[in-house]
Amino acid sequence: MATLQDVSQCVLEGDLDGIKDLVQDLINEGVDPILIINEGLIGGMNIVAPLFKSGEMFVPEVMESADTMNEGMKLVKPLITDEDVPSKGKIIIGTVNGDLHDIGKNLLVMMLESRGYTVIDLGVDVKEEAFTKAVIEHQPNIVGMSSLLTTTMMKIESTIKQLIADGVRDQVKIIVGGAPVTQEFADDVGADGYSDDASTAVELCDRMMEEQCKLQELGV
Amino acid sequence: MTKKFTELAYTKMDDFVYGSCPNPVTTKSGMVIGGGLVYPEINFTLPGMDINDETMPKAATIYANIIEGVLKRAAELYAPGVLVEFETLPDFTEHPKYGIEANKILLEGMKEAADKYGLKTAIRTTPNDLREFSRPPVMRGGKYWETMLELYEQCAKDGSDFLSIESTGGKEIHDSALVKADIRLAIFALGILGVNDMEFLWNHLVALSDSNSCFAAGDSACGFANTAMILAEKGFIPHVFAAVIRVAAVPRALVAFEQGAVGPSKDCAYEGPYLKAITGMPISMEGKSAAGAHLSPCGNIAAAVADAWSNESIQQVKLLSDMAPVVGMEQLIYDIRLMNAATEKGQQVMFRDLLVQSDSPLDVQAYVLRPDVVMRISSELVKTQDNFLRTKIAAKLTVEELKKAIAEGKVKSDKRDLKWLDKMEKGIDSIPDDPDKFYQEMKAVLDMDKFIPSEYGL
Amino acid sequence: MTKKFTELAYTKMDDFVYGSCPNPVTTKSGMVIGGGLVYPEINFTLPGMDINDETMPKAATIYANIIEGVLKRAAELYAPGVLVEFETLPDFTEHPKYGIEANKILLEGMKEAADKYGLKTAIRTTPNDLREFSRPPVMRGGKYWETMLELYEQCAKDGSDFLSIESTGGKEIHDSALVKADIRLAIFALGILGVNDMEFLWNHLVALSDSNSCFAAGDSACGFANTAMILAEKGFIPHVFAAVIRVAAVPRALVAFEQGAVGPSKDCAYEGPYLKAITGMPISMEGKSAAGAHLSPCGNIAAAVADAWSNESIQQVKLLSDMAPVVGMEQLIYDIRLMNAATEKGQQVMFRDLLVQSDSPLDVQAYVLRPDVVMRISSELVKTQDNFLRTKIAAKLTVEELKKAIAEGKVKSDKRDLKWLDKMEKGIDSIPDDPDKFYQEMKAVLDMDKFIPSEYGL
Amino acid sequence: MATLQDVSQCVLEGDLDGIKDLVQDLINEGVDPILIINEGLIGGMNIVAPLFKSGEMFVPEVMESADTMNEGMKLVKPLITDEDVPSKGKIIIGTVNGDLHDIGKNLLVMMLESRGYTVIDLGVDVKEEAFTKAVIEHQPNIVGMSSLLTTTMMKIESTIKQLIADGVRDQVKIIVGGAPVTQEFADDVGADGYSDDASTAVELCDRMMEEQCKLQELGV
C-alpha cells in the first residue's frame, strides 16, 4: 500500500517512471487529492529545496524531481477544481530590455515552480511595456527582473518607472537580481526585494506572500 | 580552402609551455605574441549606466580614463607590452557608431602611451554576437548580422589589431542541455549547431580581417563551457559535466582556425590549451587575476601554456587603491613578470608544471587542462577532420580520462561524480557517428521553437 | 627581561624561504604558521557608512556576510587554513563594544566554518592606534590608551589568536620628514620616538597576551614606510628615499619581538623579511594580491619569504563575480597554492628566487627586500643592541647597497636617484651615534607643538 | 644685474640662500614689488607646478621652491599694503571628524599655498562645527575636506549639512577628496568639486575662483 511518504520519496528521487503508480494507488485508496498534492508531491519538493540550497542536489536532479512532481500532478489535477490547485502565488519573470542572459533567470523560474508558484516566464530582452502588459494580463503577485549587465541594470529602473506610469506598480511586489545588482541598487530604484541566488529568492517570495496574506487578513 | 589540422603542433612536451608557440603573431606595434614573453591582456567594462546619445559622452570619458589609467600603470611597472581588449557591451554593437567611437578612443589612448612612455600595445576588438537578439536567432543575415559586420569593418579600418567574438550559435539549445546536464543535447548544440555556425561566421570574419590588414584572432565557448563552469562553481551542475563540456567545446573553437584565424584565441576560451596543441598558434587565457569577473577552479593552471594573460573584465569602479582596471593591470603584470622571469632562467617548464600541479589534483575542470591530458586528447582529435565526430570523441575521451584519474586518486572528486560520468558515457555512446543520423534522432526532443535549422545549414 | 637578537636566525640562505622558519607559531586550531605551508591572511573592511548605535546592526550583518563568504570560498578551494585579520576602523576601537561585537561575529563565523567544512582558521585582532587622536599624541595613559586596552583585553578573552597593531609613535614627526625627504628627521622619528614608544607599548601588549593565552604577533611601520612607499608610487618622493625608510624602520619593528612578540608580523610590514632573518619568527606579507588596497612596486618579491600572504584589505563591495573580499580570498589561495606546490616538490628556493628576480631589478624598494640584501644588512644590525644606532646603521647600509647596485646596473634607477642617495648619505653621516646628543641637536628643528617628549620617555 | 627671470629660476631651483640677494637687487633697482611677486616669485612657482604634475619634480623639491618663494616674499611684503599682496583666494582645509589621515591633505595645502592661495589648515579630525566656525571666522572662498576612510566619508556629508544648518553653505565652494571619495559621491552629498590629486585640485580651485570672479563682474 502506497503512502504519502512514498510519493514524496519518489519525487525526491526524481523517479519519473514510478510516480504514476504510486499516485494512482493513493487516488484509488481515496486519499484526498489536495493531500496528495500538498503532502506527497509538494511535500517531496519541500525536501528537495533545502538539499539544493545546501549543495547536496544538482539542478538537473531538482528538475527531475520537479518533472516527477508534475507527472503526479497530471493525475490529480482532473480530480479537483482549478481554484483548488494549490499555488503559492503568481510570479512574472523576465530578463530586462537589451539583456540576453538567460540561465540565472531560468533557474529561478524552475526553483519557484518547483516550490509551488505559478510562474510566467517572459523570456529575455523584455521591453518595459511588455512587463506592464503582462502584469495587466496575468495579475501576478510578484514581478521579477533579472539583469546581468551594468548597462542593462538601469532598465530595471526604467521598467519600474514604466509600471508606475501605467498605474500597476502598486498591485505587485517587485524583486530583482543578477550579477551587477545589489541590495542597495534594489533599494535605490524602488524594488521590494533582492536576492543573489535562486534558493533565497524563493524564501524571499515566501516572505512576501505571507505578508500579503497577513495584510489581506487584516483587510488592508 | 580551409586549413586541416591533421597532427599536433608539438612533438615535445617541454616545448608546450606558456609564452611561446610554433606560430607566433606579430602586432602592428611589434609585440610578438607567442614569441617568448607572456603579455598582459587588459579588459574592462562600464559601471552601471544607460547607454544613449545623452550618456555617450560620459561613457567616452570613462573609456578614455580607463585606457589612460591602465597604460600609465603598465608603463610604471615596465610591462613588455599590453594587449587591450575592447569587448563591446550590446549597445555598442547595436549602435555601431558608439562602438566605433569607443574603439577609437582606446586606439588614441594607446597612441598616447606609445608617445609618452614608449609602451607597445595592441588591441583586440570583440563585438558581442548580436544575432541572438532575434529569437529564435537569425544567424546568416538580417539587420543584426549586418550591424555587427559594420562595427567589425570600421574598427578594423581604424586600426584594430585583432578581431574576436564570443559567438553563440547553438547556445539557444545548449542552455537547456546545461541545466539538465544532458550530454547528448550538449553535443548536438556544440558539434552540429555550433560547428556549422562557426564555419559560416569565421569564413566571413577571416575575409574581413584579411581585407583590412588585421588578424582574425579566435572565438570562445564562453556561452557554453564557461556557463557550465560558473554553474558548477555555484554547485548547480556536476563539476565533471562542466569538465566534459570544456573539452567537447574544443572542435567548435577549432573551426575558427580552420577558417584562417591565427590567434591569440579569446581569453575566456579555457579550451585554449587544446587549440594551441593542435594549431601551434598563440592563446590568451584568464585565471586567478580574472576573479573579479568570475570565480574559477583553474586559477593557476589556466596560465600553464598561455601566451597572453587576461583579467577577463572588471567595471570602472574605485577600489581603495585605484580604479579596478588599474588594479587588474597591476596584478596581471606581476603574474607575467613571474612567468617571464622563469623563462629567462630557462625554468619555464618547471614553472609550468607548478602551475599545473597546484590546481590539477583539486578539480576535474583543472585536470582536463593538464598539458599531458591536453596532448593525449588532442592527438586523438586530429585523427578525424569531421568536427561533429571530434566533438563526440572529445567528450568520450574526457569521460575516460576523468574516470581513470579519479580511480587512480589523481584528482579530487565528489562522491556523485562517478554516477554522472557513467551517465554521460552512456549518453555519448548512444550517439551515432553520422551527424545527419544524429540530427534525425534528436528531432524528437528538440524544441523547434527555439532554433531555426536553416540558419545552421540544416 | 627583553630578548636580545645578537645573531641571525639563519646560517644558510637556502633555509631563508617562504612558508617555514625556525620558530613557527601554532594557532588554537592547529595551523602551524611558519611550519612549511604559506597560509592566506584575509582582510576586509566596511563600505562607505557611518558607525553608530543605529547602524551597528547593519555593520554586524556586513561582517557576518563577509566572514561567511570568504570562508566558504576558502573551503571550496581547499585552503589549508585561513588567517583572518580584523583590523578595526577607528569607531570600533573608540567604542570597544562595537569592536568586541564585530570580533565575536568573526569568531562565530570561523567556528561555523570549522563545523561545516572542517576548515582551520585563526584570527588576528588589530585595533587601530587610538592614541594619536590626542594632538599632540598622548602615548602612555589617558582615555584613548585605556579604551584601546579594553578592546584588546576583551578580544583576547573572547578567543583571538593574535594581537597586532600598526602603532604610530613618532609618526607626528615622521610625516614632515617624509614630505621633506629629510633623513635626519626620519631617523629621529623612527629610531628615537618610534623605538621608545614600541618598548612601552609592546611591553604592555605582550603582558596582556600572555595573561589571556593569545599571541602578541607584531607591529608594522605602515604609518612610516608604507606612507613613504605610497608617496613614492605617486611620484611625490624619490623611490630611493622610500627604500631607505623601509630598512630604517626595521629596528623599530624589531622592538616588538624584543619585548616578546612571536609573529606572524603584520601583513603590511614590508620590513618583515628583516624581522624573519633576525628573529626566525614567522611573518605575514602582502603584495600583488593587495593591489586593491594600494599599488606597490613589490608585488612578487614581497612573497619571497612570507609565511602568511595577505590582501591587506578591501571593502565589501560587489564586483561582477562576487563580493570583493571573496575575490581577494580566491586570489590569495591561488598564490599560496603555487608557492606550496613548489615546496612540495622541493623547489621552494627556486621559486623564491623567481619571486625575487621578477621584481628586484625594477625598483629600489623591491631591491632592498632581496633575501641576500636582507641577510647582509641584518647581519650588521644584530651587532649592536642599541635600537637608535641600529636605525642609523640600517639607513646607512641601505644607501650603500643601493649606490652599489645602481652602479653595477643591478636595479633600475631614476636619474635623480644618485643625487638623493648622496644627500641622504650626508644627512646620515652627520648624525651622532649617541641618541641623547642627537636629540639635543634636533631640538633646534623639531616642532615642539607636535609631540610631547615625556610621552616618549625623553 | 638681477632680472625677474633670475628670481623665478632661483625659486625653481629652491635656492634658499640665493633668493635674498636677487630680490634685494630688484628692489634696489626700483622694480615694482608687485611685479617681483607676480612675475618673479609666483612666476617661479608657475614653472614648478607643471613639472610637479608631470612627475619631474618631487614634493620636497616643490617645498624648497615654496620656501624660497616665501623667503623672497618676506623682503617684498613690507613694501606693499596687505591688500596688494596677491592671493588667488582663501581656502580652508581639514581632514574630517574621526579621520587622522594627514599627508594627502598636507600636500594639498602645500600645493595650494605655493600656487598663491591663502590656506588655513584646520588639521585632522575636524568636527563639523569647527568647519562652520572657521568659515565664519575666515570667510574663505573655498572649503576643502579630506576623508580617507569609508567610515568617515559620511562625515563629509554631515559637515555639509552642518554648514547648511548654520547658514554658511552658500558663501563657499566645497571641494572634497581622499581614497574612498569619488566624483559620484561628491555629487551625491552636494559638494561642488572633487579631485583625486593635489595638482588637479589646484586647477579645480583655479576654475572655481575664475567663475566667482566672472559672477562678481556680472554683479551676481
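By written order: A, B, C and D. Residues from 1 in each chain.
Keep in mind that, in the parts below, a residue touches a chain if its C-beta (ideal position, glycine included) is under 8 Å from a C-beta of that chain, and two chains touch if they have at least 3 such contacts.
Just so we're clear, the structure is a prediction, and the values are computed from it rather than from any experiment.
K.L.:
Once you count every C-beta pair in contact for both, which comes out on top, A-C or A-B?
P.N.:
A-B
K.L.:
Distance from the CA centroid of chain B to that of chain D, rounded to the nearest Å?
P.N.:
Chain B and chain D have C-alpha centres separated by 51 Å.
K.L.:
Nearest whole angstrom, what separates the Cα centre of chain A from the Cα centre of chain B?
P.N.:
Each chain's C-alpha centroid was found; their separation is 34 Å.
K.L.:
What is the distance, in whole Å, between the centres of chain B and chain C, each centre taken as the mean of its C-alpha atoms?
P.N.:
Distance between chain centres, rounded to whole Å: 40 Å.
K.L.:
Mind pulling the chain C residues that touch 2 or more other chains?
P.N.:
Answer for chain C, listing residues that touch two or more other chains: 45, 315, 320-321.
K.L.:
Two or more other chains touching the same residue: where does that happen in chain A?
P.N.:
180, in rising order.
K.L.:
With chains as vertices and touches as edges, which is it: line, ring, star, complete or other?
P.N.:
other
K.L.:
Return all touching chain pairs.
P.N.:
A-B, A-C, B-C, B-D, C-D
K.L.:
Give the list of chain B residues in touch with chain D in this complex.
P.N.:
It is residues 318, 320-321 of chain B that touch chain D.
K.L.:
Touching residues of chain C toward chain D in the complex: what are they?
P.N.:
Result: residues 45-51, 89-91, 132-133, 135, 175, 178-182, 227, 231, 234-238, 315, 416 of chain C touch chain D.
K.L.:
Note which residues of chain D are touching chain C in the complex, please.
P.N.:
The touching residues are 55, 58-60, 63, 98-100, 102-103, 106-107, 110, 123-125, 149-155, 158, 180, 185, 197.
K.L.:
Residue numbers of chain A touching chain C in their complex, please.
P.N.:
Listed in rising order, the residues of chain A that touch chain C are 179-180, 182.
K.L.:
For chain C, which residues are in contact with chain B within the complex?
P.N.:
For this pair, the touching residues of chain C are 45, 73, 76-78, 287-289, 291-295, 297, 299-300, 313-315, 317, 319-322, 324, 326-327, 330-331, 333-335, 337-338, 340-342, 344-345, 347, 350-351, 354-355, 357-359, 362, 412.
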